[in-house]
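Just dropping this structure here.
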């Protein structure tokens, strides 16, 4: 996967160099899929991936989705936006173990000028291990709510996939 | 705070030695309160505590509540139980910063033979920063559902505080 | 423990409010001691505290030492300093387990205008579990080396305890 | 990369299924190279990757090296071995930022029946950001020292690359 031609960031931007680097992301219609293995650091003494780590995995997907959308999160922050989380939810169905090959699939479930909702599904070789969602509010560097620009909404709305 | 007289674990048990150690826990009726400072490791480049860390803070409270209930989690695991999470929810209201003095208040919102629901509130000097809940299912070492014993239900039901 | 009278930060500073809050720190001559319990999040599937977490524990001690020295790290950052790590070392002697009451003792082993070296010892009920050290270089917000001011050196040199 | 033919684990073993999954690992003579992006969770309020995270990155490389050696760590644990760390060292040269494409290169620097020393270098697009090493002692499930079997030594010695 590479950032699409004509999209931000423009050539010469530091983010551009990463094209030579093996990405872990694939695009499936309006969904983005990323993959990694469970780290030993992420296990706990129950012998499974600790529950808070799933929110980190959601964040990995979110970063990959935003890069795929031509709005990499570092570039987004350079525009003066932050995207703090206001609500998060996870359902755990089956444990993930050390070294398991994990895939996270994610998409945008709702997009408004002042709110975005991402949805996620965590899989291992086709089996769903967990799912969840997060709601974010765009704010400026001063911490105040700041609506997405029309340009940003335009880039992101391609990825909306309503639930159901 | 110390583990109550007559409660498990019994004298001579390794957990007993901790009485000489300064606990961070206080008991408020059916609620337990614990405190700690935000670690630098827990901040992110937004300059606030990273969102997954709140689930870790919930876990700290859960461990302190179970110790207060006379059923310390290590003892619970020695009885052959694990208590994996099946659902987690967090609402983030205001950011926590590095070194902030954090207090987490928690209680049991629902207790059944095969399910327990904990509720949490994260505070800084009286201000609510976040709240949330987690649902857990008791299982045996083999990963199969295993109802709480009557003795365990008896110890834990003291801490039930219904919502609303 | 409370920040000493006459020391920075001055009354009215947000850090001042924490006096009403139970600190976990004690001062032993030129050493500072802090305590906490091992979190479930910090364990791994070997059933012990994961090795990277000891660097987090060192950081907790460092923050407590700097607060005890009248130079709380947030105040230090407000003065335009950062204190990145250039070298870290840990020796692991015995495993720490979930819920273990951990104490970290630390001191300044070397202090120069452009370098500070902290030393640490991790204990459980008197037994040494690990020790280590970190070297830090003061830099400005621009990332360039920036020597400690005479005032800062004056506050910190009280805590120097040479090895051996 | 895939586990080499004829090596453990044998066909039918659960680890075998991962051949269909995109690995992030490449082999360069006696070195193994792995890659990933810096997670937001790994940053701190200095705006760079937090220092303890480098030990997690070392562990990712270690897991990939052991899989490349035909001795995947989960299989190693199934044989009744654990490989706790007794010493760790890191030198930090340049900061890593969120979303940076990170590569970790690692090899075995010393291998004895009762000790193994891994070395690591963390790179970003060819620039060295950090290096370090870890020393491990093989132990049995009972926590007692247990020498590597001849078979294990045979598999691992292919990866020894002496310093200098």
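A, B, C and D label the chains in the order they appear, each numbered from 1.
Keep this in mind: a residue touches a chain if its C-beta (ideal position, glycine included) is under 8 Å from a C-beta of that chain, and two chains touch if they have at least 3 such contacts.
This structure is a prediction, so every number in the text was calculated from the model and none was measured.
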Legend entry - Most distant chain from subunit A by Cα centroid: C
Inset, instruction - Tally the contacting C-beta pairs at the A-D interface and at the A-C interface, and name the larger one. - result: A-D
Inset, instruction - Express in whole angstrom the distance between the two chain centres, defined as the mean CA positions of subunit A and subunit D. - result: 26
Legend entry - Centroid spacing, where centroids are CA-atom means, of subunit A and subunit C in whole angstrom: 34
Inset, instruction - Give me the residues of subunit C that touch two or more other chains. - result: 40-41, 46, 48, 52, 56, 59, 98
Legend entry - Touch list for subunit B against partner subunit C, complex: 15, 17-18, 21-22, 24, 35-37, 39-41, 56, 59-60, 63, 67, 72-74, 97-99, 101, 125
Legend entry - Contacting residues of subunit C [partner subunit D, same complex]: 46, 48, 51-53, 55-56, 59, 82, 84-93, 95, 134, 143
Inset, instruction - Please name which positions on subunit B make contact with subunit D in the complex. - result: 40-41, 43-48, 50, 52, 98
